Amino acid sequence: MRPLIRRLGPALAGLVLIMLPAMGTSPWAQSPPGVAAAIDDLVAANRILYRQGVVDGFGHISIRHPDRKDRFLMSASLAPGRVSKADIMEFDLDAQPIDQRGRSIYSERFIHSEIYKARPDVNAVLHSHSPTVIPFSVSQVPMRPILNSAGFLAPNVPVFEMRHVAGSGSLLVTDGMRGRALAETLGDRPVALMRGHGNVVVGPTVQRVVARAIYTEVNARLLIQAITLGGPLVYIDAEEGRAGEGNRDRNEAGHGTDRIWQLWVEEAMGTSETKR
Amino acid sequence: MRPLIRRLGPALAGLVLIMLPAMGTSPWAQSPPGVAAAIDDLVAANRILYRQGVVDGFGHISIRHPDRKDRFLMSASLAPGRVSKADIMEFDLDAQPIDQRGRSIYSERFIHSEIYKARPDVNAVLHSHSPTVIPFSVSQVPMRPILNSAGFLAPNVPVFEMRHVAGSGSLLVTDGMRGRALAETLGDRPVALMRGHGNVVVGPTVQRVVARAIYTEVNARLLIQAITLGGPLVYIDAEEGRAGEGNRDRNEAGHGTDRIWQLWVEEAMGTSETKR
Amino acid sequence: MRPLIRRLGPALAGLVLIMLPAMGTSPWAQSPPGVAAAIDDLVAANRILYRQGVVDGFGHISIRHPDRKDRFLMSASLAPGRVSKADIMEFDLDAQPIDQRGRSIYSERFIHSEIYKARPDVNAVLHSHSPTVIPFSVSQVPMRPILNSAGFLAPNVPVFEMRHVAGSGSLLVTDGMRGRALAETLGDRPVALMRGHGNVVVGPTVQRVVARAIYTEVNARLLIQAITLGGPLVYIDAEEGRAGEGNRDRNEAGHGTDRIWQLWVEEAMGTSETKR
Amino acid sequence: MRPLIRRLGPALAGLVLIMLPAMGTSPWAQSPPGVAAAIDDLVAANRILYRQGVVDGFGHISIRHPDRKDRFLMSASLAPGRVSKADIMEFDLDAQPIDQRGRSIYSERFIHSEIYKARPDVNAVLHSHSPTVIPFSVSQVPMRPILNSAGFLAPNVPVFEMRHVAGSGSLLVTDGMRGRALAETLGDRPVALMRGHGNVVVGPTVQRVVARAIYTEVNARLLIQAITLGGPLVYIDAEEGRAGEGNRDRNEAGHGTDRIWQLWVEEAMGTSETKR
């Protein structure tokens, strides 16, 4: 859907008498360029994950602060599809907000802080309730990749079980102890499932995390269908997984993750001419 | 999709010559604040349940009257997606309309009246044909929660069988006797399935009822997929269910049900900027 | 989605300088009231069936001529979602167009003519490629109703096999002989499946045919899910089916098929305020 | 959704003061009529395949050059849903661009060049990650047609295994050797699956390729459902497949592929009045 002003452009061009200033001002208006770009990407990531069905009203995604490796950026406690620039806050690696100003914050922010501590290679973290990972999180059938775009799931995807950490009770990761246990289950991998709850997805950039989250969901759906067919399946093996990831590291316009990221941004931010 | 007036705002601001008064006047225009808020919530709930696929053209949701515990509010007989403020009517606990004025009324309104009688803790009741609960209502496989957000389904979900109440014939709950039998099957639980027909969902607030209805449908879809994978499954147990419900009782902006309710309202009422 | 003129109403009310006449004129402009209403319903039915996913670019629906029982009304050969009033043509019971004027006609129009000949009780006929009936048409598992809204499928749904009529070759019903064989398989029922092809759905009114087609598709999806769960299922029995149909015969605003037909028309014709 | 200018037509007709020229100019502005038509079809095909869910941000479709059988037309490296006329480039049968001007090109363009070399009857080639073909590509259950519209899949669909060609590693067809191996697996058929990756679909016209790709995906979904039901299935046999294809070769308005192509184009290019 094209933005209306653009659609009306020629027809109404002679009629625009008053342009009102945009309402509200972002605390980030004066950010250094690297931070401003990270905030733009983070808002887009929130909207994309909602539009693609990875999150509903719950879930949260963060970016490590580009200038301070001991901080990260994440929205105040909102549904991801409603996040705007002004909602992005800064947190330290104890998951404490730097400048809360009365805003609600996610109670599971310790997922992010503990993974950033444990994984210097990681610059973006997502926690989601991605629907089709749930069946794999509660069954003994492992999630494995059958789709080239999900080759990063090779060779295996661990499942985090809260009962082993804190007994039966809340499944939420609401403190550092629970966050550390989850980071330990994740190890050096890009994805871990959380039993009866969802998953965490990490990566070197927010674009890669978004793509990994979307293709984890797609792979889950297709793997259930393949298992329905019955008989042995051919999985993407570790070498194929590595080769695919190498390709997605290509940093050129039109290649790797770039090609689809542009599409996702245009659609989620309402700047696309694409009809779907 | 944003409402057009808002989208056109800046461009057409100088052109608005005449603002027509809204057409039609609601009988509720002079309601006390508590009733007015309940009616707003009830209209939103109808639209949300339609938009989220819990109801199609059938199904109905009610709120106990905020000032008179022996009455409830519910729409005249319309598809839920078409309900507006002016359609909301008042009923007594014999399911009789207080002020019918020739309007059609739902023939299954006894579901609501009998549950309000039996359950003083309940302030909102939904009857729906939520699609994916049907397979569980006609099979011997019990619906159980595998998803944290559906933990309220623990430890079990009863199935109402009309044949045991009135023999083979209409499945509709069209009188007090049938309504009482359904309320008895429901007991003190939040959800009961109705064989070959749908479900009833109840709760302390209409927001909780809407959320429970949506996650009952989501859980049903995911549980079918988990069963397709084969082998034993790990269900949300009673303690996990209680912990989750406690969290959803938190009454703060951005927490519990509030976070997702705001999103649902904006989308269903057309006031969202979110692109999906 | 609300029609734009209505959405713009207040804002642009002072600006409408010229109202252009609608382009094109329908040959039906001078029709008697009964025929005009039938044409309106038929256009709506085409659009609804497309919007609800019963037809894609193929399939066709007809109405028996309200004044001449030996004729029927049906679109020229177009995708149902593109049908407008001016496309509706009149056919005799040999499936010959009364006034072709060079327009393309459906090659399977004999489905309609032969069913109208064999079934005086039938006033509307649909042929569709309704997706989820295909699996039942090619397997030995019978389609049976598990959903109250699909109770008209009780006690059974026959499957038409073209190989028994004309050997292996085209599956299309392109002449009177094939149409008669299909009508014979249908018998006095509302629905027959066509192996590897789709179905026919008939009824006393076009509203009932549209509702039956939609709930046949819904029932097919839910029955596959129920079968996936495993174990014995409880089907809607013949008495329950009859009771449900009796209810759908109620001819009052807000009851039977009326409640959902209004919703479907508003959405398919773009006159709805409902957001979905 | 109708284009806004058209929707606003009558209301704003008196207000259009300035018509801005369209931005950007296509290198194809001066193309001979045959090439111009091919480019229009190719842009429409890209948009349709995205809208219908056959491609996401990946996949590519080409048309053999209408005047030079040793060249083909294909987009620069973009998500198919974002392709416009100005993005269409010309390639020779070694997959080299004739006039690159710094644009990114698809690394798997060898799929197209090698199939055009091997198949003089083919005038359009698609490579897609059509989701539901993946389960069949990784299992031992063959994809076979159960739907008349997918009869071109009879009698069988081969699966290309990159490990047999180049060992375990990248699954991408990035050179002539890999392209030739894929063309060999395809043989004289319209469709081949690529294990863990997607498919190739070819045909005499781009319209036929688009229709084949869409019905291959639809057939895959329905076949999984039919297999879920259990028991023996009746497949579309080779004679039925041939009869169906003969029908789709009819070159008349409203028949064969034409009826649905018009619908798809209108929707994907935003010129449709159809509400869906």
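Letters A, B, C and D mark the chains as written, and numbering starts fresh at 1 in each.
Keep this in mind: contacts are C-beta pairs under 8 Å (C-beta built on N, C-alpha and C of every residue); 3 or more make two chains touch, one makes a residue touch a chain.
Predicted model, so just to flag it, every value in this text is computed and none were measured.
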{"item": "Given chain C and chain D, the chains that contact each of them", "value": "none"}
{"item": "Separation of mean Cα positions, chain D and chain B [Å, integer]", "value": "43"}
{"item": "Where chain B and chain C are represented by their mean Cα positions, the distance between them in whole Å", "value": "31"}
{"item": "Residues of chain C touching at least two other chains", "value": "1, 4, 8, 12, 15, 228"}
{"item": "Contact graph of the chains (line, ring, star, complete, other)", "value": "ring"}
{"item": "Complete list of chain pairs which touch one another", "value": "A-B, A-D, B-C, C-D"}
{"item": "Residue ranges of chain D in contact with chain A within the complex", "value": "1, 3-5, 8, 12, 15-20, 47, 50-51, 56-58, 76-79, 81-82, 103-105, 107, 129, 131-132, 134-136, 138-141, 168-172, 195-197, 224, 227-228, 267-270"}
{"item": "Chain D partner contacts - residues on chain A that touch it in the complex", "value": "1, 4, 7-15, 145-149, 218, 221-223, 225-226, 228-237, 239-240, 243-244, 246-247, 252-255, 259-264, 266, 272-276"}
